[in-house]
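Take a look at these structures.
Next come two complexes, and both contain chain A; in the first it sits with chain B, in the second with chain C.
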Partner chain A sequence: MSDKPVLTLRDLSIEFPTPKGVVQAVKNLDLTIQKGRRVGFIGESGSGKTTTALAVMQMLAEPGRVASGSIDLVGTDVLALTEEEMRKTRLSRIAYIPQGAMNSLNPVMRIEPQLWDGIIAHEGHMERAELKRRSDAALTSVGLPAHTGELFPHELSGGMKQRVCIALGIILNPDLIIADEPTSALDVVTQRQVMQTLNDIQAQIGSGLILIGHDMGLMAQSVDELAVLKDGELVEHGTVKQIIEAPKHPYTQDLISSVPLVGGDSFLNPERNAEAPKRDSSEPLLRFEKVRKDYGAVTALHPMSFALQGDTPQIISIVGQSGSGKSTMGSIMLGFNPPSQGRVLFEGQDVAAMNAAQSLEFRKNVQAVFQDPYACFNPFYRVNHALKFPFKQFGLAQSEAHTQQAMEEACDAVGLDPDLVLSRYPHQLSGGQRQRLIVARALMLSPKLLIADEPVSMVDASLRATILSNIYDLKDKYGISILYITHDLATAYHVSDYVMVLYKGHVVEAGPPKEVIGQPQHPYTQLLIDSIPWPDLDRAWGGGRSDWDPETLEAEAERASAVYRGDVVGFELARV
Partner chain B sequence: MPNYSTDDNAAEAETPVSMTRAERRQARRIRRFDNPWMNPKLIWGVSLLMGIIALGLIGRVLWDPELVFTGSAPLKLPPLGFENLRGQPGVLDHPLGTDGGGRDMLALIIIGAPNTLFVGLLASLIGMSIGIFLGFSAGFLGGRIDDTIRVLADVMITIPPLLILVVFQSAFGDVTLTIMALLIAGFVWQSPTRLIRAQVLSMKQSGYVQMAQLSGASTGHIMFKEMLPNLVPYLFGSFIASVTTSIVTAVGLEVLGLGPQRIPTLGRTIYEAINAGALIQNLWWWWGIPTLLLATMFIGLLLINLGLDEVSNPRLRKLS
Partner chain C sequence: MGRIPRDYLVNRLVTLVLTILIAATIIWIIPRLSPVDPAEIALGRMASGAGAVANSEEILAQLRANMGIDQPLIVQYFKYLTGALVFDFGLSTAAFPTPVSTLILNALPWTLGLMIFSLIITFFIGNLLGALMVWDRSPKLVRVAIPAAMVFTSIPPILSGLLLMWIFAAKLQWFPLTGAYSIFVEPGWTWDFVSSVLYHGFLPALSIVIVTFGFWTLGMRGLMITVQGEDYVKLAEAKGLRPRYILYRYMIRNAILPQITAFALKIGLLIAGQVLVERIFAYNGMGKLLYDAILNQDFPVIQGVSYVIILMTALSVFLVDLLYPFIDPRIRHEAA
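Right, the complex of A and B next:
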């Protein structure tokens, strides 16, 4: 065994010639990865993490090119290899587990032959029994039963597919594994399982590992060294301990402090409590009456009843992993998706049976912030169209100048410069700016209820706290009640007055956040909280307890009945 | 002054600091190229079609349109600089020669080429309008209406238009250009309908349409103000494709001797040439010139279509 570093990047620069001139994606990157070390690349989208990894694989997308520098893989100069030599190097010496790897399996092939393809391409044809032995070994090593190889990709869950991709990556014992956000599409529970598999297997074959990601918590739990990238430059590099405990660069400090923790300091500063807008009716603002939603034979939401009074502004959080029915609830509240059974009442009016005038009034009073800020603006119009149009439509505009003034005030309130932002086209703004504009839009219309469906899950980590405090201000300063739908327990802990945890369409635990998230009682809530990766070296998954067993918890969660942890004034959840 | 965040400049493009002369030249070329509507394919295609229209307009002023009538000129004269089988040279009075009925070829194409183009444009304009209307209705309203429109379009797409049109036209006898365009329009609405329906279905799920719904927008507003502008590149592309189809269909009918009997069109000229044995008599200019013009027209349409592809699909733009 040689002591040579697995990967040495010297003065690496990568550039993309574009119609607007040459863009430097990576600038003078110097990095060494030792054998058996796990190195995390962390940074925002566009910081050059993936580009660097692709350059190591010689798989840069056209027209990108390595402008200068060298890439050395255990003594081999990667940039000097011919196309055929590079082909042989890929997988056998460097394995790349791409982003969204679960979609990279061939849907019409069984798992086994997909694993065999890699072996045959590098080592030539061999006995079927030998192939089978090796693929079984690879599958077992990632914790999958050997018979998984005979299944088709669609028969596996997301986490299993991700593990198959890891098996595919390690089947030839590479010197270096590059995992590009391997868990970005998975929920926290599965994320933990997959990351532990990846770390175990890496330790077993003793290769180097590059883990690309944007989640400081996940990095803290998984890697030895951390490289922080910003705009193509390596701004900080060191052991995880150094970086987490004593970050030097302000950007790293931002990244660490932007991860909200359960308990600890709040990133919000509640200043004043605004009164809710005066209401003419004594009916609750929003009431669910035994609402149930079925998609075919699947029940997305089991009968649920609650009433949100709305006399004092409140934030109600609905928490759950994907498939828990939380987004279905959101679209039912907005009237986009009629319930299969039961009624949704807005100030005593059935949302499904409104006439045109009532419907316009309902729209004016119930607004939303959606998950994807990129899709929310019509690419044909300047962004102010999205703010101006509803303002006029709801009869709020008195004059052109009044509209303009309202837009500018709303932009100011969310921390955007109206002169810079309002007259641009959507593609000229970043995701964070767009999402803040959507919040500004909600502010301008001052609805009585805002439904925020995963408002920050597609925004870069450093901006999440800012946008959440913008949303919190809507309640705090403008008296808007908010239903906050999220998978992120830590933010729900801070912003909400009441939390409902949803699991397979049932409420499993509900109550004030300090109790539900602070001291969870239902096994499912406990599992969720213990699966969150914290950016804290002393706090491993499962809280560091040795007897922590996620499988048992999950099995218990199926059986345990719902836990109700006390009420808050103004919100009543019917107990089932 | 409020404290603005720092990511305002995140979307700004980076500008290179110093460049060599070659790079500057490339940057200039790129900048010109940056306006997708100014791509060479589109410019060439439009120029070719405009040339044919200009030929029709200017020709009417500079040349005598009366020469399209039978017997207005000597028979079977070759173009200028050629000799026909009887040894007659081409004359300046009829620079492109004359046909077997004593009609001047230049006058024939001056009148005929715009007629052919007119049929194509009118037919696909009507076809597209039907397509937009049905496509939007099917995609947006869904349910029973969608089923009906989709089945209708799918059934119509399998019927060969020429077969039906031949029957129709023989029944009608002589038709005007407009009626022929109307008949052809009945066969070019299916693919725009399917295309627009598919686009509308995917757009209906998009965030900005949901936002518009939240803003209390009416169905009409969502269809025509939010969705339609984003469909423009597709609509253009589909329009050009159906102009091509319409012209092919119209020429096909004319070459069979159907279609307008007394109005000169390129297809009818070819029909008469074939009928009079122009191929055996080596009167190549009689069928050759209209064929050449048709070819130019199709090449022009093809270039426009390719050019529009680049407009609607930025990935096709190359940094040449």
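Right, the complex of A and C next:
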């Protein structure tokens, strides 16, 4: 390779002709990526970052097309290549590491043949032993044991699958690697490991790297240069240091400030409603009595007891990685998933032993907000149907006008304009609007308890804070206690009254957030916090320790006993 | 390839036996709900032949004894079940005293041949066309021609059969009108006989193919659209694999999985669906046997044919269940 730039985009415009007119997805983009450099493309969904990458791959979805400009890959004019030449360029010169690691591998093929077919498509048939040698080398280079190649995709974890995709990306030593949100489906600990692998291997083969993402923290810890995109335009480009320390464009400033930090200013509205409605009942709102859940031989949740009084509304956060048992807890609380042992009591009533009338009352009082707001709407109905239906079903509606009024109030409460959203179909709304409608829907039933399971993990970073503060404000305004299930420690730090850290179905650390997340004591909590990428160059990933090794820390975490920090009035957790 | 876990095998075997047992029972019950007395029908047949029958009461009793329907129901039921185990369904009442098993054994090879032949062709063509309808590199002509060809799917098989007979057998005289083989050849494993069978089987098979391929095409089209949007297909393209390889190994290979299950279920349905086709082509298969048996109220034959249909469906589903872990590795994982 010469010292030519790996990729030069000159005046690149991409458009999507639709029956309603031409949509400009990318506008006059100029960008050069030097050999060995890592460049982050950051922006919200719809900003054109993935579209640009796909244009470089010549894989734009129909009817997208490059309207003008040029794409130069180490001296080759990509736009002038024939289809067959472009096919040969993919993988051998530009490798693409996709977003959906979970689903990027052919489920009916073992891993090895999926690496081999890539080699064969570019270099022709060769000895099986040679193929095997190369796939083993690629897998080993991303830190996977060579026998991984003999497994099927479903036998691997998400992190392992993403490493396989990286192994595939580097198998032909490309000039450029495009990684499209490679860690968005992974939890923080795995995310850090996978990014480390990607960066190491990229440095080793000396290719250029485009990292597409929306998380300023991840970018700060991973790339050399940043290109900030908004509505198809490059609004700012520079080194990470320049951009993080002195962002010029207001949008970049927003992106940086929207990452919630542990400590520092809260994103919540400081004006609190001191007069929160009180609940009058002697029984605790929600009580877990030695609740345990097994799936076959696996114990997802070890016996756990707690009582949430709920006299004054509180937010209890349950944090942990995927597989920690936090979503299992959520579904047990909702009564969707009966515990294997123990009892769940809602206002003194066993959730598993309710009669029809009690069950109806329970459903009204316990509402949920899930991760994927789109999946929560029936795509055939306008969204007001989703709001109206439960309201009428639970007998709360006095008249059509009353229902309308309730819907409008609920929309106002979550900061939506009812005239604008209510008569739309789900697909016509943004992710943030949908999730706020789901909160509004829950609100209309005046529940006593809201279970929010990763409510903002699928929403753009800039909207997360808004939606969380919506939920937070409801707590005081309507007297709703909230169980906030999340992997995001920074938001849990700000919104919660009490935090439980879950690891392999055990509570490992619990207490007020300032103590548990602010000064973690349990090795697992420390591991989680050290894995968070901060948009701060002085605060290096992994707590700045050079010997940072998640595996040793996890082993340490397994041996350590649970740490119980300060108590909070209204929530009692039984110590194990 | 891995082994089939024992628990899984036992589970499937129990399901198989239970399915057959329950189905056999239902087949036995249904004709007994009918008010018709097969002995009276047989007597009626004798009477219409001989003009009059003396001591009819005695003959009826004798007929009932021969048919075994004079015994208590429970005895009849267990006799029937033990008989069904060894494919003994008693004697046909219409073609008395030919054993039902002989009738079935004579008809079965013809139907199996015609059915498997046309089912495999339909499955292959239907799925390939369905896949090509979705594939973005198919020639334009293919994408236009397939939906047009699917018009045939809405034609009932009896009509397509008659239409084909009229055009290719009556008008053009390219193919014989009816029968399973030429009356001038001796049945046996000779080239003359085999070619005659293929020649005679062509039109009936074609009439089945053109009306049933649309089922597979539409199903496959839907499955392919889902698979086309999967990330692994996008990644396959990003890997620079050849388009044809992506089509076969990544797209069709995944989309075909539910179709294979449907294939097993179709086997039983096909015999039933073939009844009229066999009838109009005077093809001596199971379909025609069943058709005649229903006309003649020949309960033992109806039972026998239904039993064989169920047995074949249950067995093919059983085989697909055993085969499935090998074609979809995720299934094995769940069973283990």
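Structural remarks
In this text, the second predicted complex is superposed on the first by the 522 of 576 C-alpha atoms of A that agree within 3 Å, B and C clash if a C-alpha of one lies under 4 Å from a C-alpha of the other, contacts with A are read in each partner's own complex, and residues count from 1 in each chain.
Keep this in mind: contacts are C-beta pairs under 8 Å (C-beta built on N, C-alpha and C of every residue); 3 or more make two chains touch, one makes a residue touch a chain.
Please read these numbers as outputs of a predicted model, since none were measured by experiment.
By the touch criterion defined above, A:122 reaches chain C but does not reach chain B.
Looking at the shared chain after the overlay, A:416 reaches chain B, while chain C stays out of its contact range. Between chain B and chain C, it is B that contacts the larger number of residues in chain A.
By the touch criterion stated above, A:152 is placed in contact with chain C alone, chain B being left untouched. By the document's definition of touching, of the two partners only chain C reaches A:107; chain B does not.
Of the two partner chains, neither chain B nor chain C is touched by A:575.
According to the touch criterion, chain A has no shared surface contacted by chain B in one complex and chain C in the other. Chain C makes touch with chain A in their complex at residues 136, 230-232, 234-243, 245, 249-250, 253-254, 257, 327-330, 333. Those residues of chain B that touch chain A in the shared complex are 2-5, 7-8, 10-11, 13-16, 27, 30-31, 33-34, 206-208, 210-217, 226, 229-230, 317, 319. The touching residues of chain A, counted against chain B in their complex, run 17-24, 63, 334, 336, 359-360, 363-364, 367-368, 370, 372, 374-381, 386, 389-390, 393-394, 412, 415-417, 420-421, 427-430, 432-433, 438, 463, 466. Remark: chain A residues 57, 59, 62, 87-92, 95-96, 98-100, 103-109, 117-118, 121-122, 152, 154-155, 165, 168 touch chain C in the complex.
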